[in-house]
Amino acid sequence: MRADGRTPDQLRPVTIERGWSAQAEGSALITVGGTRVLCTASFTNGVPRWLVGKGSGWVTAEYGMLPRSTNERMDRESVKGRVGGRTHEISRLIGRALRAVIDTKALGENTIKIDCDVLQADGGTRTASITGAYVALADAVEWGREKGFIGKKATALTDSLAAVSVGIVDGVPMLDLPYEEDSRAETDMNVVVTGSGKFVEVQGTAEAAPFDRAELDALLDLALGGCLSLSHLQREALGR
Amino acid sequence: MRADGRTPDQLRPVTIERGWSAQAEGSALITVGGTRVLCTASFTNGVPRWLVGKGSGWVTAEYGMLPRSTNERMDRESVKGRVGGRTHEISRLIGRALRAVIDTKALGENTIKIDCDVLQADGGTRTASITGAYVALADAVEWGREKGFIGKKATALTDSLAAVSVGIVDGVPMLDLPYEEDSRAETDMNVVVTGSGKFVEVQGTAEAAPFDRAELDALLDLALGGCLSLSHLQREALGR
Amino acid sequence: MRADGRTPDQLRPVTIERGWSAQAEGSALITVGGTRVLCTASFTNGVPRWLVGKGSGWVTAEYGMLPRSTNERMDRESVKGRVGGRTHEISRLIGRALRAVIDTKALGENTIKIDCDVLQADGGTRTASITGAYVALADAVEWGREKGFIGKKATALTDSLAAVSVGIVDGVPMLDLPYEEDSRAETDMNVVVTGSGKFVEVQGTAEAAPFDRAELDALLDLALGGCLSLSHLQREALGR
Amino acid sequence: MRADGRTPDQLRPVTIERGWSAQAEGSALITVGGTRVLCTASFTNGVPRWLVGKGSGWVTAEYGMLPRSTNERMDRESVKGRVGGRTHEISRLIGRALRAVIDTKALGENTIKIDCDVLQADGGTRTASITGAYVALADAVEWGREKGFIGKKATALTDSLAAVSVGIVDGVPMLDLPYEEDSRAETDMNVVVTGSGKFVEVQGTAEAAPFDRAELDALLDLALGGCLSLSHLQREALGR
Amino acid sequence: MRADGRTPDQLRPVTIERGWSAQAEGSALITVGGTRVLCTASFTNGVPRWLVGKGSGWVTAEYGMLPRSTNERMDRESVKGRVGGRTHEISRLIGRALRAVIDTKALGENTIKIDCDVLQADGGTRTASITGAYVALADAVEWGREKGFIGKKATALTDSLAAVSVGIVDGVPMLDLPYEEDSRAETDMNVVVTGSGKFVEVQGTAEAAPFDRAELDALLDLALGGCLSLSHLQREALGR
Amino acid sequence: MRADGRTPDQLRPVTIERGWSAQAEGSALITVGGTRVLCTASFTNGVPRWLVGKGSGWVTAEYGMLPRSTNERMDRESVKGRVGGRTHEISRLIGRALRAVIDTKALGENTIKIDCDVLQADGGTRTASITGAYVALADAVEWGREKGFIGKKATALTDSLAAVSVGIVDGVPMLDLPYEEDSRAETDMNVVVTGSGKFVEVQGTAEAAPFDRAELDALLDLALGGCLSLSHLQREALGR
């Protein structure tokens, strides 16, 4: 049993409030335990310069944290005048992962920009961002289809996408780590999985002790199970 | 009658969700029509270097907008690498206004940092920020008193504080302008008023046509009325 | 009587040296007591991208202080790598105020860029900047007309513009505060007024104590009187 | 057979010139096919502020590319005024990976700063950086021991460390991808492994197609084999 | 005869208004033809960190141009967010040159910061800056002596310092080039000379055609003559 | 005799490895004693915007130092977020000097970008950069001719170019100063000379004591001799 009463293979309570923003083409406020992320998807015609005229669209993402989303207030990156390495890394991860389930040809020369802003942080903000962003993205694609920017028959979204963190804490492989567990995990892994159960990203890091093949396998098993549950919640949120 | 059915002297629907954040010492999610601002107050011991050893505390503020809080997505200031002039100006306004109702001596050598992050924008974000920030500030002061950082008998907060925008639209002075009215106002004014009805800031700007003394007086009357109503809602939110 | 021998409603000695710069299309070195600001107006064909093809011109402004214009040397903003909030705020104020007396349609697709650089500072630098900038602007408009960039019959300048600071010091409303008075004022207000006596900006701030309606009225009276005198000096400088 | 004549499980030719720099406490110029990285290790007494007084040392890393290390010249990050996301990400990876084989307690309050500068790039620059950096780090630790900054009996380095890229190209899992293969790989994985064969980092990304468990397993097998060979070359370079 | 009626070895009209600024410890407004530079010297106790406790003082300089000091308006470096290469280069030159006539030991642990701001530019701004800065520096040293920060017997200034530009225009070596001549010079040289006739800086550049030893000698002769005249004017300005 | 056994007029051992980089159109790794600089020349079609349509080409340069090229590690300029004054100054010097031997008309509308990156520094990095850059430039010009971007009969390179430092150390004029001599030189001069023995740049600075005409002459003699030897080595490296 864990501090919050969960078994090692159990997710924290998850809710997805679809359409939280009145202005974005797609949006979701995702809550995973104490972590809350507002995900918006902005649909615009046109693509970055290096893609113009190639008949393909683009999906990109930016991640940010409100200064007091954490237990101690952080300085704003806008005030520091530069985006930190961790922020860059997570923004790139979210965009890359989402592009794995997008058929950019089917999207036409349109760009969908995802923004994931952490309103409250308690571990797993990057994986919650991906899980919420998929819902926002799905609605923005649908919006583009209704407006006629994407062809009626095009399957721009080829699969769904969810993500979860797993880790080894006190020697035990565990699913969906809150901050308290994450900060003392020996090994920490973020896994992004499609609705059909294939891997899109596997990022495992030995925080305190190198890990062997058996530990890696146990973590992958937990992550696949967790993502399956999240995919189910995404379908519910999208009314499918 | 205005586009949203209000009379010229009527506020939009206002709600103040006190304690929205689980982590900040004080917080409020304020909604004014389509404008939603998350205000947090972070209490820390110590003061900026130029105040050390003078026995006084400090209150300061930072304002920001999420990139898709607006109808068209804006670039992040962190990505642009600099905070824009408008952001600076509003951050300075919020901090200066709140200090007008703080007795910095009574606060002791402690700092309260206010963050106002606009989640959704539909006009009046700076005045909503001030009105919500007061509630967050009041709770942070109370937190400091409970923790013993502020003396039990000290009256660190000398008054309450609310703010509202007013303007002349189509020749008519009006209270609490949404974006649609604000963008075509001839004159636009932001007014910050204490609970006891005194002015803390009066910022009037002729956007399209210089204004005379009578117009100025009509706007000030509307603003005083609006702030009175907001002060009432603040007291309710704070359970007083 | 004030420290410098003036009555509460008296301006400091003001001189306006029109045409100080040999290179700018319009220029003025304004001296208000110990405050000296070099104002230049640069006329260029074309407008910012968002205005192209709309048949309108643009007026914008930038404000700066030399590092040793103040009593203690300040760091250069170029060396710090960012323009500070106060600088941004004043630049925006000057540009906005001047646009209130410009008919941008009559200006044609031309831009006038105002630069106000404080060579020596003793309070009231932003209001001196506006008062001096109007003279530089008037000459740049005239230059544009002589060169044929502005139509002969167009009235690009619809009125004149002057500005002054007022404040409550030791309980007494006073006109045109030098640094020494400004730094201990309870309330501080900058007022921008057209030659015909209408308000363009009213920016009042309770520095130490909130102010009531009667105090506000007294300050506005002083400001209107001061701006009337400044308008007179501007007409003299322009030889009208 | 691959374009360069290798079998799928074969490394490119690797050389490690230990002590290339006359000035650094440890250094290595590593060549992996057409990729050349200069790795230096700088030993300094003292630790970052957040570690002072805790009796532990620190290892950190920075990665960079010369502007013409690539086929088309890139702009310098110093000239752009900001370090890009990819650079940040790789710098963080190198530092984190090396810390997995450092006993920071045994290091004492000393810092070793690793610099990996890519002189020529042909794929696998981050993994070559880690492999070369380990050699530079080992020499800097030895230097610290000889100078008496690290205790004679302390085992500051707990294991060796090597890294390699693997990927699925045209459906075939392959070891050590040059740029040409990397740019058309369906899946791409960077793996960091200790001398004793345990994982420190596993970073797999579906570039073009999500991958299944069997593919993941095949890639991990290749990576473990490649790192074993690199560990052997490191021991030779270090004369062990 | 040159366009402005001078002979090749003649300076433009030079005036030095000593004490132009009411606030700086030393100041001079120098005019050389159409070039006007405001030079201030700020005296502060203490030295940069790397000099603390060594018993020596420091002199450093910063150079800047007002945006409309030139014929076409330039963007502000503060707005661009970085100081340009030319500005850096000239700031370094001015500081280095002035230190050649300062005995930093005699200065005590005090810093004099020179600011040279070009109000109007017509060639030779860096040499005018040095010539004017020497006057401001001399007054700041004297101020330090009167205030007791510099010993009564110390000779902090070991010599005077002046600078001038020379160049080859249309094959003829010429003294003190205005912008028009400078922009078409084949060779351009800035020379800094002490009051006793020794070189402190010689910076010659072949703009259009490499130059031989005889041309170099002719330019140095002109420069020595010009600096002699400037030294004389400096002594007059300082009332010696 | 000097510390390294040389006579005052002797160069350190110099080697030029032409074509060190497999990717650049021209490259050279130059070694001058303990100083090693990697010089690359990147050929691209097109010119900067201000040159478009004028039928001329452009040569420009950037200089950088690896963080541990020096005895103590320096911070990266990319991490500091700004290029320092010294770097700017040297980049400008290299570009300006090389343009003195380029006929930009003969180059056609093409740009050659030189990068000089110091891998190891022991004095004279800027002069070694120029000497090595000339070799890289010559190969890039040749590459452009072979590819048909430069006319077969055009003489884009009008002369060769070499550079060396000279200085007065302990009262003795000396050629090619290593760091140890450079840091205690009374006067320091960098001289750039064409293959035909004409001056392109003469930059002399009194570091500790102003210098007279005779000393200047002695330094120029040494520099001319040193550059003659370097020109010879360049011809050898280029196989001429």
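So that you can tell them apart, the chains are marked A, B, C, D, E and F in the order they are listed, and the count of residues begins at 1 in each.
Everything that follows uses one rule, which is that a contact is a pair of C-beta atoms (placed from the backbone, for glycine too) under 8 Å apart; a residue touches a chain by one contact, two chains touch by 3 or more.
Which protein is which chain? UniProt says A, B, C, D, E, F = Ribonuclease PH.
Note that this is a predicted model, so its numbers are computed, not measured.
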Neighbouring chains shared between chain A and chain D, ordered by label: none
Turn needed to bring chain B onto chain F - CA fit, degrees, nearest 5: 180
Most remote chain, CA-based centroid, reference being chain A: E
Chain pair among D-F, C-E or E-F whose interface repeats that of A-D, sharing over half of the contact pairs by residue number: E-F
Far-end chain from chain D, centres as C-alpha averages: C
CA centroid of chain B to CA centroid of chain C, Å: 28
Chain B and chain D: spacing of chain centres that average the CA atoms, whole Å: 51
Chain A and chain E, separation of their C-alpha mean positions in angstrom: 59
Where chain E touches two or more other chains, by residue: 81-83
Graph class of chain-chain contacts, one of line, ring, star, complete, other: ring
Order in which chains appear around the ring, chain A first, chain D after it: A, D, F, E, C, B
Residue numbers on chain F that touch chain E, as the complex places them: 82-86, 88-89, 91-92, 96, 100, 159, 189, 194, 196, 198-206, 210-213, 216, 220
Complex interface listing, chain F residues touching chain D: 21-24, 27, 34, 38, 40, 42, 44, 62, 64, 66-71, 73, 76-83, 87, 113, 115, 117, 119-120
